[in-house]
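One structure is given here, and the rest of the page talks about it.
Naming follows writing order (A, B, C and D), and every chain is counted from residue 1.
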Amino acid sequence: MIVVMRTDSTPEEVDAVSQRIVERGFRPELSSGEQRTVIGVLGSPFPELRNELSTLPGVSEVVPISKPYKLTSREFKPENSTVAVGDVVVGGEDLVVMAGPCSVEDEEQMVSTARAVKAAGASILRGGAFKPRTSPYSFRGMGVDGLRLLAMAGREAGLPVITEVMSPEDVETVAEYADVLQIGARNMQNYNLLDRVGETRKPVMLKRGLSATYEEWLLAAEYVLSGGNSQVILCERGVRTFEPSTRFTLDVTAIPSIRRLSHLPIVADPSHSSGKWYLVSPLALGAVAAGAHGLMIEVHPNPDLAKCDGPESLTFENFDKLMGQVKDVARAVGKVPAGAYS
Amino acid sequence: MIVVMRTDSTPEEVDAVSQRIVERGFRPELSSGEQRTVIGVLGSPFPELRNELSTLPGVSEVVPISKPYKLTSREFKPENSTVAVGDVVVGGEDLVVMAGPCSVEDEEQMVSTARAVKAAGASILRGGAFKPRTSPYSFRGMGVDGLRLLAMAGREAGLPVITEVMSPEDVETVAEYADVLQIGARNMQNYNLLDRVGETRKPVMLKRGLSATYEEWLLAAEYVLSGGNSQVILCERGVRTFEPSTRFTLDVTAIPSIRRLSHLPIVADPSHSSGKWYLVSPLALGAVAAGAHGLMIEVHPNPDLAKCDGPESLTFENFDKLMGQVKDVARAVGKVPAGAYS
Amino acid sequence: MIVVMRTDSTPEEVDAVSQRIVERGFRPELSSGEQRTVIGVLGSPFPELRNELSTLPGVSEVVPISKPYKLTSREFKPENSTVAVGDVVVGGEDLVVMAGPCSVEDEEQMVSTARAVKAAGASILRGGAFKPRTSPYSFRGMGVDGLRLLAMAGREAGLPVITEVMSPEDVETVAEYADVLQIGARNMQNYNLLDRVGETRKPVMLKRGLSATYEEWLLAAEYVLSGGNSQVILCERGVRTFEPSTRFTLDVTAIPSIRRLSHLPIVADPSHSSGKWYLVSPLALGAVAAGAHGLMIEVHPNPDLAKCDGPESLTFENFDKLMGQVKDVARAVGKVPAGAYS
Amino acid sequence: MIVVMRTDSTPEEVDAVSQRIVERGFRPELSSGEQRTVIGVLGSPFPELRNELSTLPGVSEVVPISKPYKLTSREFKPENSTVAVGDVVVGGEDLVVMAGPCSVEDEEQMVSTARAVKAAGASILRGGAFKPRTSPYSFRGMGVDGLRLLAMAGREAGLPVITEVMSPEDVETVAEYADVLQIGARNMQNYNLLDRVGETRKPVMLKRGLSATYEEWLLAAEYVLSGGNSQVILCERGVRTFEPSTRFTLDVTAIPSIRRLSHLPIVADPSHSSGKWYLVSPLALGAVAAGAHGLMIEVHPNPDLAKCDGPESLTFENFDKLMGQVKDVARAVGKVPAGAYS
């Protein structure tokens, strides 16, 4: 942290800032230039200190020079982390594809989907039992019955399963059925929920908030890691932009950027980000080419009858076609194509 | 809801859409023009139907023509709603000011602040006991001890109190101490939390999400109202924009817009939105002039020692000065100035 | 400018950076801490230097500590600047209201509007002759004939006039008829146009770009001032946000922020920002309460027949009503109400 | 266009709207439902009509149901358009790479870069002579001398050249030297400039505005096409988002979306969008995999000495490496890799 004093700051003000730094347990290091004085703060200042110092008289600005997140940073752990989900390893050479319906609706739907996505090369089955919905009048998921159907379909097809948990109270229950606990975009800063999943020893997939910065996203992951659970997978699912024709805009830049800032694996969700099935394939290929460790794709036996996100869901046929293209692009960038190891 | 068919849609496709509308329990109304066919959906279609119909062959777009929120809408209840907090009425002629520190720190701080803001004309005391923090390493509040101090300080000064609740599990406890349950911006779409406060009979202040639209905000309020609790106050606290010099950008337009769309009272928070104490006064006056029913202001005995949000907190002296200006502007727009009735 | 070296930077890298700084004509000032070395750049480094230094090996980041704009900054000129438009002074105690139709349509329209807004207290007449339109098929203005009608109507009512200039080639012609040259939001970064108006000695009103930061806006003004024309009025006209129900979102925070950063006068345009006539009044009052030096309001004899921006235009009656409220709020914040001096 | 009347609209209001539609030369088509009346507007209503009708009493909203752009739309021309630049065809099977420095600096720089990018497989040489700069104190390009150097270097290496034109006045001059006229992001809505390049018969590359929607972008292209010049290439160069660590965020979704909405070719610029050389390759590969017809890449012999955009420029070596990867991904998605035909 560097405190930049105003050009018209007085020696008294400089002393006061230095003294405050000492009071807080750090060491000030003065650099008096012709134009202005700059005070370095030696040690590992806590985030609050920035605000505190910036309110002192004579201070122009306080510039943080180290990242606020620690455990999630590449500096802390230079080598890539991998997260094991059953036999599936996320973050390694394999390109891991998670696929399934937006929401669990019934046994036939889940079993047929599980078989279809497995056959096409997917390695993890997705399905929502607790659904965050913008409107209280929308279908909000089957709850625990949905968890049971999801787990059953996964066992039947030999696929581990991922599903969303929305509330601290539900973590334990969801953890009984799921192999990966998904934190949705709207809950990225639901800190009590992050604390709770941090206490489990289950892999967690943390989706990026609707307009979260990389730093906010990694700080949310820091909640989980600092809680003792280092099995975190990040998921870029699109951010809000001014373009009205798509639900969100997939931030492909997040993939190489996050891989540089953090050691955690990152996957992309081209389904939720675009909201349109015909955009899913080009975005999926783009994400893989840009270095994503995996993909999360919505697949439904009958998209036009889906209880949610029908417009963005792929039919079994389209998903199978996509997986063929994904394999080609994955090979082109030196990855082991999805399902290639099975 | 209106279904606009493609210019090249076939009669069979039009029939299929009409049939689906009937299957879903509504009545289709065809209007075949030279260029294209438009199908009106009579009844009160649920949100999902839009997605469902838009996936059918031959459909160009589906246009919703009624608002997705009901109980919160001005159409549903033409006259303004008021929310009573003790003797204080929010949403009426009085301009209601809520003031206090970002977070509860100790007894002296709370008692002195409570007295000062009361003397200056504030009618509700604020103070955070459970703090949502971007970093897990930041001060996260005193918890239940903080609730006790807040309630005590309020009683002592004769002010009802408002504080944030972050998790469904804490609603009951917070409701024991608080007169108003505050839902923070990061929890605007924490649906389990909205459900839970909807089950209480306590006034709720719902802050707007960091990049939420008016519709998403009113739908979040709809969760509370549809839960049976109609005592909801909306709080505009700034949205994210591209301007880096302020934390957020207060959307003053939200005040007259929301008042037109909904019957619920709306207050403004110029402290969190700007993040800078010297911007609080001009924004507070702007919000009042634009029609806000009240203000939420951060006040601290020693801003530079505050455990959070020091840079945006007003000293007792500055708050008193602000209240003088607020009174003048409130009168200019025909409101009863804050504290004038006390 | 401060160069923050990486914790693992070598002495050779530090030397190389220092040497580059010297080569570019500045003086490096080292501050070697336990954790890392920080190098201050003494002198007035040009903007490019930041990029250049940040690409050198061992550099973590380069932090600019002085504003990139000079002539427009409050540091450069502590006292408020005023811009004289005929007898009207913008930036002083008077609240100056500019009013008129979006586009000049015919003599009757302009003369009747000029009289009406003058009678209600406006001091400058607005009207567009060259219209920037999103679609090439929209009405693009009357051009020079429009300029003539505008100037004539202004003379007739005794009001100076403001109108937009879109192209460097048109500056001379528009300057013949207009008292203030308006640069529209879409041209805020049309640098050749800024250069050209900088060469004139006419007052210039520079609208903020659709998603411009304060710094970008002030740098655009810097083009005009550095060209030798210091008569610049800034106009906040709303920025793009995610709210779809309004055209733009008026950034009221820009008013006190810009007044702190710069000595230039700033006015607000609640008409273009909202796009809805019923939002114009609350936003106008909010802007005045927040410290705007003036307002720009769209007024049309028959909004529903207007060739552009009808939905946001006020009728003569509504404008007169607004001016009454504006006077009350202006007085409440210590300003001389519009038209009060005439 | 569909006019949706309010539920409480009167028959008189419905008649008034229908009459206005007739007055404007179109045919109204009533559809009276239980809840409300909807009026279709038959014909090809001009954009203004939407605003005009929406201001009439009893109107709830006016919904446009056909795209405002015509000549640029896929509906107007179902097959892909190609733009020939010398022997190079943009929009066909070949993946076309444009490469070169941000700005032309001297002969040696241009000649060496031209040779290097040609050798690596680029087919068009880029270089800026007129530079739009946020600060008036930044290097603004060599002007006409720069155009000469660019053209010379292109001839010498056998590559057509592309360069930016910023002002209508310069179009003729730039067209003498350039094979493709580039319109920069800040000028996307500089309508006089668009008109002028529309009058030429030179290929035009239109960059997307910093926060433009697809519709606004295609309407800007419509200016050029409606001027008589159909040789337009669109360039996605990143939009503004809330992420501060990159200059802009490349909107990869724009590639498949624009290809669906329009017949025009679209290329991507991963250099300007990211602002960081180490992000250029992953983004370039992502764009190609998502279906881009080409790429624009910044290359400089000595990035750290570049007069602009050094941090995002690739060295000859890195560019050569990138082209190898590009070829692999291009093949994976069935494109003819850059330079493969030479």
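Quick note on the criterion: a contact is a pair of C-beta atoms (placed from the backbone, for glycine too) under 8 Å apart; a residue touches a chain by one contact, two chains touch by 3 or more.
Predicted model only: the values in this text are computed from it and were never measured.
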Subunit D and subunit C - chains in contact with each: A, B
Repeat of the C-D interface, chosen from A-B, B-C or A-D (over half of contact pairs identical by residue number): A-B
Distance between chain centroids, defined by C-alpha means - subunit A, subunit B (Å): 27
Rounded Å distance between subunit B and subunit C, as computed from the means of their C-alpha atoms: 31
Whole-Å gap separating subunit B and subunit D, where each centre is the average of the chain's CA atoms: 39
Multi-partner residues of subunit B (each touching 2 or more other chains): 211, 240, 242, 244
Complex contacts: residues of subunit B adjacent to subunit C: 211-215, 239, 241-246, 249-257, 260-261, 273-274, 278-279, 282-283, 285-291, 325, 328-329, 331-333
Complex contacts: residues of subunit B adjacent to subunit A: 46-48, 51-52, 54-56, 68-69, 132-140, 166-169, 186-187, 189-194, 210-211, 216, 219, 222-223, 226-227, 240, 303-311
Complex interface listing, subunit D residues touching subunit B: 2, 4, 27, 29, 31, 33-36, 38, 40, 42, 60-61, 63, 65-66, 240, 242, 244
